[in-house]
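In the two complexes below, chain A is the common chain; its partner is chain B in one and chain C in the other.
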Partner chain A sequence: MKKKFTRFAAVAMAGVMAFALASCGGGHPFKKDTLNLGNAGPLTGGAAIYGNAVDRGGQLAVNEINAANPDGVQLAWKAEDDEADPEKSVNAYNTLMDKGLNIFIGTTTSGAGVAVAEKADEDRVFTLTPSASQVAVTEGHDNVFQLCFNDPNQGVAAAQYIMANMKDKKVGIISQQNDYSQGIKEKFVSEFKGEIVAQEVFAKDDEKDFTAQLNAMKDAGADLVFVPIYYTPAANILTQANKMGYAPTFFGVDGMDGILTAENFDASLAEGVMLLTPFVASANEEATQKFVKAYVDAYGEEPNQFAADAYDCVYAVYNAFNQTGLEATADTAEICEAMIKVFTGGFTASGVTGAEMKWNATGQVDKTPKACVIENGVYVQK
Partner chain B sequence: MADRILKSISTRGLKNAVRGSEYKKEALISYGLLIAGYIVLQLGAVSGLIGRNLQGQFVPICVYISLAISLNLVVGISGELSLGHAGFMAVGCFSGVLVARVVGLHLGFEPAVVLIAMFFGAVMAALAGFVIGIPILGLRGDYLAIVTLAFGEIIVNLMNVIYFGFDGNGHLKFAFNHPIEGIEDNDRIIAGAIGATGTKTMATFTMGLLLCLFTVFVVLNLKNSKQGRAIMSIRDNRIAGESIGLSVRKYKLMAFVTSAALAGMAGALYGLNFSTVAPLKFNFNTSVLILVFVVLGGVGNIWGGIIAAAILTVLPEAFRQFADYRMLTYAVVLILVMIATYNPTIKSRVSAIWAKLKPVKNKDKDKDKPKKAKKAGKEGA
Partner chain C sequence: MKLLTNLISGLSLGSVYAIIALGYTMVYGISKMLNFAHGDVIMIGGYMSFVMSVYLGMNAWLALLIAMFVCTCLGILIERLAYRPLRGTGSLAVLITAIGVSYFLQNVALLIWGANPKMFTSLFEGVQPIRLAGGSLTVTAESLFTIAANIIVMIVLTLFVNKTKAGKAMRAVSEDNGAAQLMGINVNQSISLTFAIGSGLAAVAGVLMCSAYPVLTPTTGAMPGIKAFTAAVFGGIGSIPGAMIGGLILGIIEIFARAYVSTELADAIVFACLIIVLLVKPTGLLGKKISEKV
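Entry: the complex of A and B
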């Protein structure tokens, strides 16, 4: 028996050791003397494109800053996977805290953002989210700021743009049954003073059949269809509308960004699609061109808006941090209070997603959205 | 109603608890595991040995343990495959969050608010279980599995169009299929696809432990009661059960509703652990995850489920430094564990060790055994 038990114990010990080894990771970028920036976003799963874009954009900015200022504050960047799930996102955030997080550049997605914002508030960690656009992310938290437009603002901006520039159009809306889409749609509907002839919803990201919704639009005579949805279902909608011979103007918001590179999608169908977005990769501004070139060199693909948001976040945080006059070794809570003062004290940041971005005390950003139309496979600013 | 069932079961279960060393062993291991785990983790947290990542998972671990145990009641003890357990969790979660928000206005003592929310979550989930259970429990095997799957999806879709919030005067408002008009964002409680939002996080590890202990208490006592034996006899041979006059529907419903109530309770605690929970969280994937806990822990095995749920919840987090290969590693480990757990060589080795350890234990117990055996014999006759 003794022999068997020894063997069993050996196996058990090996298991425990493997587990212990697994849980004490090595080579983490966070160090004591660096300013540690962390992100939690979906690096795996259905929204991985967004999470990875944020990771790359943030990393790129950190590399640039560190290379340009070898004597200044050195930054460290780490993105943890949260599968866009609030529960996992809190875990990801806690992991970063274990490693010595100083400033949180997250989360990438909204629902997760709401859950983590509360924890970051309790812990007093300064948070600037690149792309979590729900109002509830910043609401009630003086330490949480958004670099992206929040959902209602996108809905309002879209409504105002359409009223100002295309006011004779009969508007139909196809929205998705999720927080992002409904948040924008609600505000669009309450802001829009023109004629809304049809409203349809669908449930799933991987919904394939939109015939019912498109027929409803067509029957109601909608000649502008507002689609506050992500690009994956939007690609399916465009494909099916084309098959039906239905050709209204499709008008999207930032989630439409990425449509040109959507899988199994004929990008020529996106011709004429309009969207409101803070970032246009083909824009002529010097900063944008420099960022796009650096991104393409590093990762071999064109950056989307999420990458641009993260890139801007890192620069904004870096510039604001320099204004606080603190050292990178300062206490996280101390950094937080100083950063809040800077951000609410007239600090402006200019980057690739907007010039002269300002923040109000609730954490919402003030910048101008860019309306674009897709022509010959590129975004053309209107 | 469900509460009455629970009550009658547990008191009768208590009497029966005196019987059967098998029950005693199972109860001892289950309660022991939970309490020992609680003490170890609490000490680790206080002493700073356990990082924030693991500390943040204390409540979810408890919730998943509880869910694994309550699903085991349907899958293991009642012998029906249910793929909609997350649906009951959702019902409990959203109704619990709603009640906590309303009660929280008048009651400052948080643990009491959590308990009320959990109770209400359990009642609502039991109600849902009862309504669903009546028509579907006549179905058998795969058919039942598919209907429960559909139920889970229906719940998610229903939650997607339900809105609750306070209006300007602090009155509770409800809307179906459209948002409540003219309401401030932070007065929303449940907002359709956004889910529960602005929830004050009140769940604590101690609450989690209580949830687990209560779940084990109810399930073990039900299993060891007259009703529980009826449920298991129907599972083992439906026709034989019917022939001695057992109402198949009644007993299956009993297991199903109890399991739903417990899942609702766990859901309420889960909802109160995060400031936001979206309905999509409770989709098919979560139901399957809970089923994986049950299968890995051993169908019908309560303490096995406790271990499986705890380990499988922590594992993906422990693999974080594998970065891109995290989920791949998790999948591989899951496969290996499944193979290892049911490998006859390993199994026989473990049981050999058990067998050698066992006689020592039994000798100690034998002293007071004859008395009990006599008593049990009398009652049995």
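Entry: the complex of A and C
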């Protein structure tokens, strides 16, 4: 028995080691003469959809820039897996540093972002996060900037939009017990001057049954339900509301983006759903169409907002870097100081998630969200 | 009216917990091990059925049968490769392995099917929910069928365990593994059969759960698995009717806590009820009294 167990353990260990090796992504260091961009994000685990989108969007932009400017600064891109875990994210960041990181395009998620911002500040690495939207990510760190809206700003924008365009509605709110959802909800509630008839929450990791919350909305007579949540639970909410015969206007923020990409999703459930988002894949602007086509050609699926954020990050960083006048071989800390000067010195970037994006000294971005409504299975810009 | 609405919601949610709990309790009752991978076998069952019905265009009921077959094989395989080599090494080693198997299945599903959620097509697609009292009460076909399936499964399992030769062998193994072996019972075969039945049930549970709550992701089975485990303990783990009653009560408590107390505290209330039940009846509502030899 003992021998058998040892053999089993040996096989198991070998398996674990093979897994560990496979997830290291080769482990080649960056080259010295390229400007090395790195990202830490969840490439596996429950949030993998976001991490992989960022990895792909970033890689696509790097390929485009390198191909378009063979004589200019050449970029290199690496993404390390952090499973959206703060501790693992610091490890992933350290791995990137060991490989020769120059500019950090990360992290993908907020909790990890707060942990890594601390390290990146100590090391003086310029950081532009595509999607870590908590205020705490940039707070107190002069080297950390956000390309996405921070959570409170989304709450403010949603409240203003509803007050301006749908002020007669009775508003109900269903939010989730996580930092993202609560951050938006709190700001929304304090900013919104209309009538909020019901507020309900649901647990962080329990996204199945919403009948109690929906009944509460229905009983309170809410005809607009604000849902600052991700689209995975939102899909369950829409299905259950439909079965109950309850049809208010659902109003989401950027987390709702992607609901139409869920496989086999019955788009009629999302008919009339509204959302505020910086990126709309079906928008008819030229830059967006070019990006969407390139992304579909490369990866066989439509990009979501995370991919677009990463794509814009790389372009913004590249354009800002060219303004510093530095060589790609410059010291990482030297790059950091020069980049901070450019970003806080009136630099603007235009991309697929916004035109004329500007940054303030705390690292927050200033851009206008787009309001969309889902009609016949596609986003229609309002 | 509000009470009735919530009661129906509670029964629907509870019936999903109950059918998962039946698998937990079945395996625990025979092999005395907590198969924490059960929730993830459910998820695999959901995905298999999704693949058959959406990608291959099969009839939903045929897809369910194939999912049951695949999960049954998977259950036997897991038992053979992960649990059998550890038999006799103490329950802690097996428990940790079960958690490992759970993570393994989640990550395999992530590799195969990706992280983007898939929307499951209900077994009762197109069947209109029954609306009572002028539309304010809704009873869905999914929850009616899940409750019916629970009762059928409970009766069939009870009969199987009590009346058939294989069922008697299982009970003998659960009473005293060593003595059963001496009496000529093939212990390995009995335990394999238990896992086969438990995993086949998991596929049924997966399809019914996804019919009611259609968002399918690699972690779909994790939380319901934990809740159903709680339900099984609540009803008395190892007891087949206990699992069903535990599941239904847990569902009702959860929905009532959300509707009348607070959505934030619902889970805390559910687990507080579990603690109270265990303090008063340590073996659960319908659990057998066990006298330990000291």
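Structural remarks
Keep in mind that, in the parts below, the second predicted complex is superposed on the first by the 348 of 382 C-alpha atoms of A that agree within 3 Å, B and C clash if a C-alpha of one lies under 4 Å from a C-alpha of the other, contacts with A are read in each partner's own complex, and residues count from 1 in each chain.
The working rule: contacts are C-beta pairs under 8 Å (C-beta built on N, C-alpha and C of every residue); 3 or more make two chains touch, one makes a residue touch a chain.
Note that the structure is a prediction, hence the values are computed from the model and not measured.
When the shared chain is aligned, chain B comes close enough to touch A:Gly183, but chain C does not. When the two complexes are overlaid on their common chain A, residue A:Ala203 makes contact with chain B and with chain C alike. Looking at the shared chain after the overlay, A:Thr261 reaches chain C, while chain B stays out of its contact range.
In the superposed pair of complexes, A:Thr211 makes contact with chain C only, with no contact to chain B.
Legend: residue contacts after superposition of the two complexes on their common chain; A:Asn91 is shown touching chain B, with no touch to chain C. Looking at the shared chain after the overlay, A:Ala40 reaches neither chain B nor chain C. Comparing the two interfaces of chain A, the one with chain B and the one with chain C have residues 1, 4-5, 8, 44, 177, 203 in common.
Remark: chain C residues 2, 5-6, 9, 12-13, 50, 54, 85-86, 88-89, 107, 110, 114-121, 129, 131, 135, 138, 140, 209, 213-215, 217-219, 222-224, 227, 254-255, 258-259, 263-264, 266-267 touch chain A in the complex. Partner chain C is touched in their complex by these residues of chain A: 1, 4-5, 8, 44-49, 52, 177, 200-203, 205-209, 211-213, 215-216, 219, 231-233, 235-236, 239, 243-245, 258, 261-266. Residue ranges of chain A in contact with chain B, taken from their complex: 1, 4-5, 8, 19, 22-23, 25-26, 28, 43-44, 80-81, 85-88, 90-95, 97-98, 111, 114-115, 117-119, 134-136, 139-140, 176-179, 181-183, 186, 203.
Every residue of chain B that touches chain A in the complex is listed here, in rising order: 51-53, 55-57, 60, 157, 160-161, 179, 185-186, 191-195, 197-198, 201, 274-278, 280-281, 316-324, 326-327, 349-350, 352-353, 356.
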